[in-house]
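Every chain is named by a letter (A, B, C and D) in the order it is written, and numbering of its residues begins at 1.
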Amino acid sequence: MAVVAQNGGRPSPAAPAAIELRGISKAFGSVQANRDIHLRVERGTIHGIIGENGAGKSTLMSILYGFYKPDSGEILVNGQPLTITDSQTAIRAGIGMVFQHFKLVQNFTVLENIILGVEDGRLLRPSLSKARGVLRRLAQEYELNVDPDETIEELSVGHQQRVEILKALYRQADILILDEPTGVLTPAEADHLFRILEGLRAEGKTIILITHKLREIMEITDTVSVMRRGEMVASVKTAETSPEQLAELMVGRKVLLNVQKAPAQPGKPILEIRNLRMVDDSGVERLRGIDLDIRAGEILGIAGVSGNGQTQLLEILGGYPEKGSTVSGEVRVNGTPLALSGAGCNAAERRRNGLGHIPEDRQAEGLIMDFAAWENVAFGYHDAPEYGRGPLMDRDAIRRDAEGKIRRFDVRPPTCDLAARNFSGGNQQKIVVAREIERNPDLLLIGQPTRGVDIGAIEFIHKRIVELRDAGKAILLVSVELDEIMSLSDRIAVMFDGRIMGERLPQNATVGDLGLLMAGVDPATAAPGDGIPPSQKHLEDLPRDH
Amino acid sequence: MDKMPKWADVILTPLISLVLAMAISALVILAIGESPMVALTTMIDGALGSSYGWGFTLYYATNFIFTGLAVMVAYHASLFNIGGEGQAAMGGLGVALVLLSLPLPHWALALPAAMIGAALFGAAWALIPAWLQARRGSHIVITTIMFNFIAAAALNYILVNLLRPTGSMDPASARFPDATHLPKLSDMALALGFEWGKNTPVNISFFVAVAACVLVWLLIWRTRLGFEIRAFGKSEPAALYAGINPVRITMIAMLVSGGLAGMMAINNVMGEAERLVLNAVEGAGFIGIAVALMGRNHPLGVFLAALLFGFLYQGGGELALWTTIPRELIIVIQALVILFTGALDNMVRMPLERMFLAMRKRGA
Amino acid sequence: EPALIFDLGGKFDKSFNEAAYMGAQRWADETGGTYKELEMQSEAQREQALRRLAETGANPIVMTGFAFGDVLNQVAPDYPDTKFAIIDMVVEQPNVQSIVFTEEQGSYLAGIMAAMASKSGTVGFIGGMDIPLIHKFECGFAQGFKAAKPDGKVLVNYTGTTPAAWNDPVKGGELAKAQISQGADVIYAAAGGTGIGILQAAADEGILSVGVDSNQNHLHPGKVLTSMVKRVDNAVYDAFKNGVEPGVKVMDLKAEGVDVAIDDNNKALVTPEMQAAVDEARAKIASGEVTVHDYMTDNTCPVQ
Amino acid sequence: MDLNTVLQILDSAVRLMTPLLLACLAGLYSERAGVFDIGLEGKMLMSAFSAATVAALTGNVWLGLCAGLSGALLLSAIHGIASITFRGNQLISGVAINFLASGLTVLLGQKIFGLGGRTPSLTPGAELEAQVTPFRAWLSGTAGPDTAGWLTGTPRFGEIALPFAESLRGVPLIGPLYAEVISGHSILVYVAFLMVPLTWWVLYRTRFGLRLRAVGENPASVDTAGVSVTRLRFAAVAIAGLLCGLAGAYLATGLSAGFVKEMTAGRGFIALAALIFAKWRPWGALGATFLFGLLEAIANRYPNLDLGIVTVPSMFMNALPYILTVIILAGFVGRAIPPRAGGEPYVKER
């Protein structure tokens, strides 16, 4: 390791650092989340922090922001020691934070969220009108456009993140912490974000960026720190390191950053979709005639900005279309048509017939967070004959099965009694992937397989998906990560506004080409599109069926 | 990753909470000018000091087990069934109708028949709120509250106008036939050759209640249906993803819940009163909420909590019967026990956790 | 040592348990004797209480309320040497005295007074829980009222169907106001603690009310027309003092078991004609010339 | 049914809905801040008792009101400590508070007055004199003779005739409506009705309201904004206590004249139902509680509905408000979505 671990205590140079942490430790019960952390972030730089899931990155930043109290250690802001007891202190010291899980009030408007906690007086009206003005200025200055009167739940994730950034800027943050900001963004949105961050840096603001994506680290940061198991293992200048080296520092072993796969050997068609349409319960048409085929031994990747109907497509194929929606069209699996509504349309039934489904949201759908790992391994397959007799479940059989899966998928910690909640995001995902892949489904639906997952786990999950393909199964992969789509898929379809905009082969596709399709522009016809997914448009603008 | 050993969490915490509740109760007793020592010994003596006291304690506990289990089962499907009171009342009606209309020659036949009647009526009374929740999204808390009132009115009408023998002052049904009288635990003890709990109402229903605990435990933690109920209760979107039908689970959970609440009637109506009286449930449905929550929604916990409340009920009853302490003191004591063991448990747990953590650190 | 058992309503129910308590207390004051008393907490305790008292040698044992009937029927044979008395219910056992009151007769008198005091010709009756016993009050009241004012009108309300119906003065007051707005100017309250609210509302609105069970004339002097007193206190006092004589003891008008209370608080409201009419009715009932129908016998009331 | 009957029913509905409305708004503050409160019943009962007790002892209803507010606040504090400070189960805490109030009121009442849990009647008379005289004597003994004059108030809230009620009576429709329905209630009724716009204004137009709503939806958002979740929730729970206090005081010293055990008779639960019905909104609360009041008033007015062929028995009419509630709920009010963080204690560190 050619990297010099710089563990604090070194004499400060002339200009005080924007942030200096000295010996920060924090334990949650018996878990040591941060252990004697030293960190120095120079003013006017972008500082990256990387580390595996659960390494303690979010905890460290939450301490800096006053959300958690450290057990010991010292914080210096602009050279001044500061006791940060709550977020108010941090805000006053010019620290702003965009959390990994946004801290927004879903049914409040953007404006209300912005002023929450920094209102100018007891009455709202003056604060609101002032904020409206400031917001307009900020929006122009940083190209952060959001409708101030829209409620959060109507915004796409990307826009929600803008609100979080605006919140920090409105509080006049000098030091901005972003915790995995790009996990939910499209490449274009991420690029936009980075342009903003660069602008902020140019103004002399300091930025701390947590991410799992080494490409981003290399692209934008000035310095980078690596955390492992609660400790700070290295801080280096970005220019002096490489992705391979960082990955190794992070995981503690060599990591393959590219998917290794042989060319596909497509077989007979497994999934055939013809003219699939879906109208949701408020009358908006979310799918506008989808036609797709997937063959055995092939991965079809669906690229697209989230909110363009991918979720609805996965739900319909998974057997649980949105409540109150009407679905029409034809879907065949292995030649047999699927019921698209009524009693035959049932996720359990689909599973029995050889469908696997890794859902987009593992915490809300894929797992019961309070169930133990072994119970989650049976979740969705709890009716399977090998898991019990008659109405009774055979716990021993399930546990045996779960232990095997956990071992084979390297879930950490390898205990099947721990509640899903207490695994890190990456390991939660491994449990879901193990459950769905190991059943050898003829058709596997996958939504966002690696969102928020660290590179070690990504490598592992990708390998398993490719193995399943090579075993001759059909795979439908939905992801907002273009990198992931391009490296995993055998064919790429791009979805926009409930339609398939076009199909490409990965070897012929370019990011620019796909990006245009994702924005609703067909390069062939060059029909202009506004690039805004429908969920952000006013619903009235959309054509209705009845 | 536990902060403290399981035994400390499961046994030490409630025990200390209980002691705290009793200490405050003692202060209340002092404040109204009575002696806490006398009160405590009267209660313990009256409820646990003799087979006689135990007979009553177990009788009340039987009621609370049924209503506690009822609340618990619904709770696992994240349905808050406040309607135990009405469902138990309707269960009583089911028992009365079965026993008064069918010529059942022996209790061994009458008991299963009455159980079916009780469970059916209780379940039926839970069915409408369940359906409204599943299909129309009407909040189950409101509808079950309303159904308690409606049950009271319906029962009042039925008892006064339909089931009451003419000329009787008492708005109560006729007595059930002698052949259907359930064996009391005291009779069973006598048959085994010793005297236990003479003239106490505890009867064979107690064993039914214990069996119900076991069955409910099996249902919730050992069957596929129970798995679905718990999964649905924890996360509805996940249940949908897994192919669990929300309507079906809501209905089943509420039917089981209502059936359990209704089954309480085999204890109080069939076993004790041997006829249906007005207000036979006497608030057991509401105590079931406390029992389920205190029992941490586990049948064993429900059983223990029901025993505790049976003890409080009987001990308190004795207190009011044989001392000058007003009977409302019991309600205060119950309130304090619920408060300290159910809601203020962290007040005890947090320092304990810190203690154990410190101990472990020193040990390590 | 005699014993007294109160029903679930409790010793201070503002109604007949309280009256029983007064009777026992009077006996204790007069004789200096002591007695045991018990308040029921739950249905299941009835048998327990009876047996425990019998076993500790209490004699006689007096209990209030029809709800004891069934249990007493079972328990009494086990203690042939103990004498029991039950109020408001007939239990046919050789060692049990059943004390029943002719509430319909007392209510009849109250009905006559209400009819004569009413200017509007409309009076009200508010019962507690909707149970047969209370219909007995209602029916007697209506008969008396109709006897004096054949074309008058009796409005009838019941507070509820749960035991809360006995303790809801707010609802009682509201029912009284509803009846007042329909023209009632005398309201008869047979509703335990709820009655307090009814009498209050009547006094607030400036109309008359009729109390029940014990003498409630003093609650709002000059505003309570009378109270239909049910001398449970006398019955208990008697049982304690003179012992219990198995059989049915009917506490009717003649035996001064029921009556309308006239004292300093309502003297001004009772006109001489009213007094005369009441006296006449009382005599006629005593002589059997007038019979007041008892709702309990056939669950119907001859007048509406 | 003539106009007069309608007016009388409306008048009755206004009285009946007032305690429900106050309790419902109490629940609204608490639950909007993320603290579920099924202890409304207990707090009302406690307040009714304290208000009646102090009013009976001092002969002054305003002191009674203060006592009522304090009584309810005390229980609120317990709820707050249990469910906010110690992150206990809010439902259990509420159940405990209901039991506590139901027991304590009778226990204390019996200790103070010896009337079996009842307080003396608050109408001027012998019963009240017996209580008030010693207190006034004691007061003038300790604080000087002329201080007894402070307490010349009434022991009960009287009815307030609004200006021009009588002179406007002649105006068709509006006149009688004003005179019969709107005028002639106790001051607490007007307070309750004013609470509706006030609550709306506080909730949607003030900083406090914004933060309160936020803390019930996503407490972490408030916490990361540097505002204390604990303090906000305590404030909300305290407001709930005050409103329950008003409701209880109205029951005992406005609508009736004294305390009777269990006199709240389930109104706290009905208020809870109304709150869900109202979807946790102030104007909705007004509508929902009015509906409940109206249904009860109608049932009171028509105890035996004679439909010609059959007479609907009184038991049915008594249950009618509840039956109608279920029907309305099933038919007209869709799914009610409670505040997202409701019922969950705010825990930063799992």
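The working rule: a residue touches a chain if its C-beta (ideal position, glycine included) is under 8 Å from a C-beta of that chain, and two chains touch if they have at least 3 such contacts.
Protein names from UniProt, one per chain: A = ABC transporter ATP-binding protein; B, D = ABC transporter permease.
Keep in mind that this is a model prediction, so the values were computed, not measured.
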| query | What's the chain with its C-alpha centre farthest out from chain A? | reply | C
| note | Expressed in whole Å, how far the mean CA point of chain A lies from that of chain C is 75
| message | On a C-alpha centroid basis, what's the spacing between chain C and chain D (ABC transporter permease), in Å? | response | 33
| task | Provide the C-alpha centroid distance between chain A and chain D (ABC transporter permease), rounded to the nearest whole angstrom. | result | 48
| request: Name the residues of chain B (ABC transporter permease) that each touch 2 or more other chains. | output: 149, 152-153, 156-157, 160, 330
| Where in chain A do residues touch two or more other chains at once? | none
| Residue numbers in chain C touching 2 or more other chains? | 10, 130, 161
| message | With touch defined as at the top, which chains are paired up in contact here? | response | A-B, A-D, B-C, B-D, C-D
| Tell me, which parts of chain C touch chain B (ABC transporter permease) in their complex? | 10, 38-39, 41-45, 47-49, 51-52, 66-67, 69-70, 88-89, 129-133, 161-163, 296-299
| request: Using the touch definition up top, name the residues of chain D (ABC transporter permease) that touch chain B (ABC transporter permease) in the complex. | output: 78, 81-83, 86-93, 95-100, 102-104, 106-108, 110-111, 117, 266, 269-270, 272-273, 276-277, 313, 315-316, 318-319, 322-323, 325-326, 329-331, 333-336
| query | Which bits of chain D (ABC transporter permease) are touching chain C when the two form their complex? | reply | 4-5, 8, 11-12, 15-16, 19, 115-118, 121, 123, 125-127, 251, 255-258, 260-263, 265-266, 296-297, 300-301, 303-304, 314-315, 318-319
| said: Quick check: in the complex, which residue numbers of chain B (ABC transporter permease) touch chain D (ABC transporter permease)? | reply: 28, 31-33, 80, 128, 132, 136-139, 141-143, 145-147, 149-150, 152-154, 156-157, 160-161, 286, 289-290, 293-294, 326, 328-336, 338-339, 342-347, 350
| field | In the complex, chain C residues that touch chain D (ABC transporter permease) | value | 10-14, 18, 130, 156-158, 160-161, 164, 167-175, 177-178, 181-182, 193-194, 196-197, 200, 203, 218-221
